[in-house]
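Got a structure for you, written out below as structure tokens; questions coming shortly.
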């Protein structure tokens, strides 16, 4: 006899290194959302990072070693979900390329890639979630993180789900789809240019006059929050999953405990 | 042209501090992007055409030798001459030789990035031939002794006041108190000055947007009509083109032409698209007596068959740089050579060496907007990453960055140790940043905290907390 | 080794060609001979949409002025255009038979300067080989009939195009060119002209009238 328990898709959370290290609350929000969508959530505890810093720095050997590790830990699940378009994009779009020239591993990486999704688009597209049970009385603006938008087509899903949050009003900013200037190691290698780009982004955010800035990638969020806070802005910054899960108890990104 | 790409960091910093440049760049940001969006929206078949254009160019690149031979055969059959230049120096030599045979003193020029690539103007001047740029933007920067900062809008970094000053300084034959307020008056002035040059030039040099193998035709696309006067009036027309400009047929050219103007300026069609085939014919009342094509390789034949082959599909529309947040921030000159923006970040290392141009493929956030707007679907970020791989292999990456990356990767491959150190580190940082929630200054993150705060970690890791909770709960 | 042979050798080496050489050559020959059309934007021409009307709209959108007249009234249209813009009743034009047959209003025939333009002409008159409805583009061919200098040197350019010569797309015009000049042959110059000359090189502000004509007036001739 089949129980409802076994009918739920076995879904592994790839929490991403930034959420793991900087903002565990996003991970718990993701777990809550996945469970609400009917998933059986698993968290392989051997996970570290997707390898993107090495990949984008031209270090193929380390990328490959890390990618193998991720695939081995995650390939047995029905779905692999990450609360980040950037890391999900790495797993889904780049892993098969990492193994170019090794047909056996490439096939394995391709099969693995087929299971990978970014969190919010997974909820909407794969699990058919049309609304969430959450309340957040605020005017919010949403930044489209680049990889999620352009590699994975994440754009309408977060906006649709946010529209179902009670009390939340979404105000679009100008150039919502333009990069925030984070770019992973780019922000470290070219801090002045990164700063100029995030300066433009912060101005566009401010111009929309929101209470809350949301996005689906913690790297972008830390960059934008860092800039807004340095400029003394009162706008609160959160990962979109926190709002969708109704888990806004933790202080916003870059804010201390009150 | 001197390669100033190694100084990218300093040039970019200077550009960020240049208020006038920043004002000019703001216009790139809004105008080009809006116009392209409208141009693309006006053609429902745009996406299908992109696919087809890519297929056409890929077809050509896999048979480039054969199409070049077919093209040459057609040019020659119609009375033109094809000259093959292995590198910049050979190309310059061929052009100078043609100018000398014609006793040329004044050479008019249509806009040509190949001319910039081979440093033609300085070379001709050194050898007693005066090149006159006739595209308004190129003319302005020639007066100022500058190089283009954009491949289709060479003077995009300047404002009207700077143009006015340059005209006042150069056009001393005109009354100093003439009206120069309106941009229209500046254009009219340039038109007047250049009209004389057009009529007196001995040789006209243009680039080519396409070379058509079917007919032996070169094609230029302009809005001003300067390219047409350049090739129509002098006795000799020289076309400068790189070998990858070949398309098979008129029909193939039309496919790509539908993408070019829309991607570049948002126009459905540029004002003048001119197809030139050979010199003046019997009975013609105008047109050049000689028609020469200089086919430049300059490293391109080595790109064929490599991971950089896709770059040879580029049609030089400029959409990638218009949409690039880094280009928008620092402008074209910071890139330090002829080709700026994402396409330059890929192309420049192949042409001047990655040891000199190593910054360019690194100075990208990989936001992917360039690839998403590229009419030829060139995977620009992917190719920049290939350059980073070559740099990493050749140890051209700064040593401390490399060490940091290796250390991180070492931990990332050892989940247990990673867990121990990360848990410890985040607990310490979390406690330190607990009250304010962020750091205004932090050792090892100075580049970041110079401009923005670093949000503090919440303390403890997700995995650590998950293990504890699940351990307790289940 | 000559530059030519060296470049071709390098390309062949990079392509690793050798195998399938005959196949590559065949593919090239086939494409050059058959010149497949690719994707033609749907202008509605197949379903009877009015290509001429589209041409007029698009040419106007590109800042050309356009009028549609019957062939008997072309002369009057030209004279009226010159008068309306305070231009001298003098035209530079080539030897095109169709221009010679223009019926001018009685006593109002403008002076026609025959031949190529030398840069001193105020107004040029040309007859187009074709029009393209897709973008409102004129197709002009070089030669004694319509010297190319007439298209570019005068500040004003009047172009006559027969409505019957307006095609939906460029590809249809290439087919006509091949028929007229022979396969793989071309006139010295084919000018595709879409509106009057312009520049946006100063602060990206669009200014009309760069090196080519400031005004482009198109006369579409029906019947």
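When the chains are written out, they are named A, B and C in that same order, and each has its own residue count from 1.
One rule holds for everything that comes next: a residue touches a chain if its C-beta (ideal position, glycine included) is under 8 Å from a C-beta of that chain, and two chains touch if they have at least 3 such contacts.
On a predicted model such as this, the values are computed, not experimentally measured, just so you know.
**Q** Going by C-alpha centres, which chain would you call the most central?
**A** It is chain B that sits nearest the middle.
**Q** Going by C-alpha centroids, which chain is farthest from chain A? Tell me that one.
**A** Most distant chain from chain A: C.
**Q** At what distance in angstrom does the C-alpha mean of chain C lie from that of chain B?
**A** 29
**Q** In whole angstrom, how far does the Cα centroid of chain A sit from the Cα centroid of chain B?
**A** Taking the mean C-alpha position of each chain, the two centres sit 33 Å apart.
**Q** Mind checking the centre-to-centre distance between chain A and chain C? Centres are C-alpha means, answer in whole Å.
**A** Chain centres of chain A and chain C, defined by C-alpha means, are spaced 53 Å apart.
**Q** Spell out the residues on chain A that touch chain B in their complex, using ranges where they run on.
**A** 15, 17, 19-28, 43, 45-49, 51, 53-60, 62, 65-66, 69, 97, 146-147, 150-151, 177-179, 181-198, 200, 222-223, 225-227, 229-230, 250-257
**Q** Would you tell me which residues of chain C are touching chain B in their complex?
**A** That would be residues 2-4, 6-8, 10-12, 14-17, 24-25, 27-28, 31-32, 35-39, 41-42, 58, 62, 94, 115-119, 134-137, 142-144, 147-149, 151-153, 169-171, 174, 177, 184-205, 207, 209-213 of chain C.
**Q** Across the complex, what residues on chain B touch chain C?
**A** 24, 27-28, 31-32, 43-45, 48-49, 52, 56, 59, 62-70, 72, 74, 78, 83-86, 90, 134-137, 140, 153-156, 158-160, 163, 183-184, 186-188, 191, 194-195, 198-199, 213-217, 223-226, 228-229, 232-233, 243, 248-252, 254-255, 257-258, 265, 267-281, 283-287, 295, 297, 301-306
**Q** Note which residues of chain B are touching chain A in the complex, please.
**A** Going by the criterion above, the answer is residues 9, 12-13, 16, 325-326, 328-330, 362-369, 371-372, 382, 385, 387-393, 397, 401, 405-406, 408-409, 411-413, 415, 418-419, 422, 425-426, 433-438, 440, 447-448, 450-458, 460-463, 465-467, 470.
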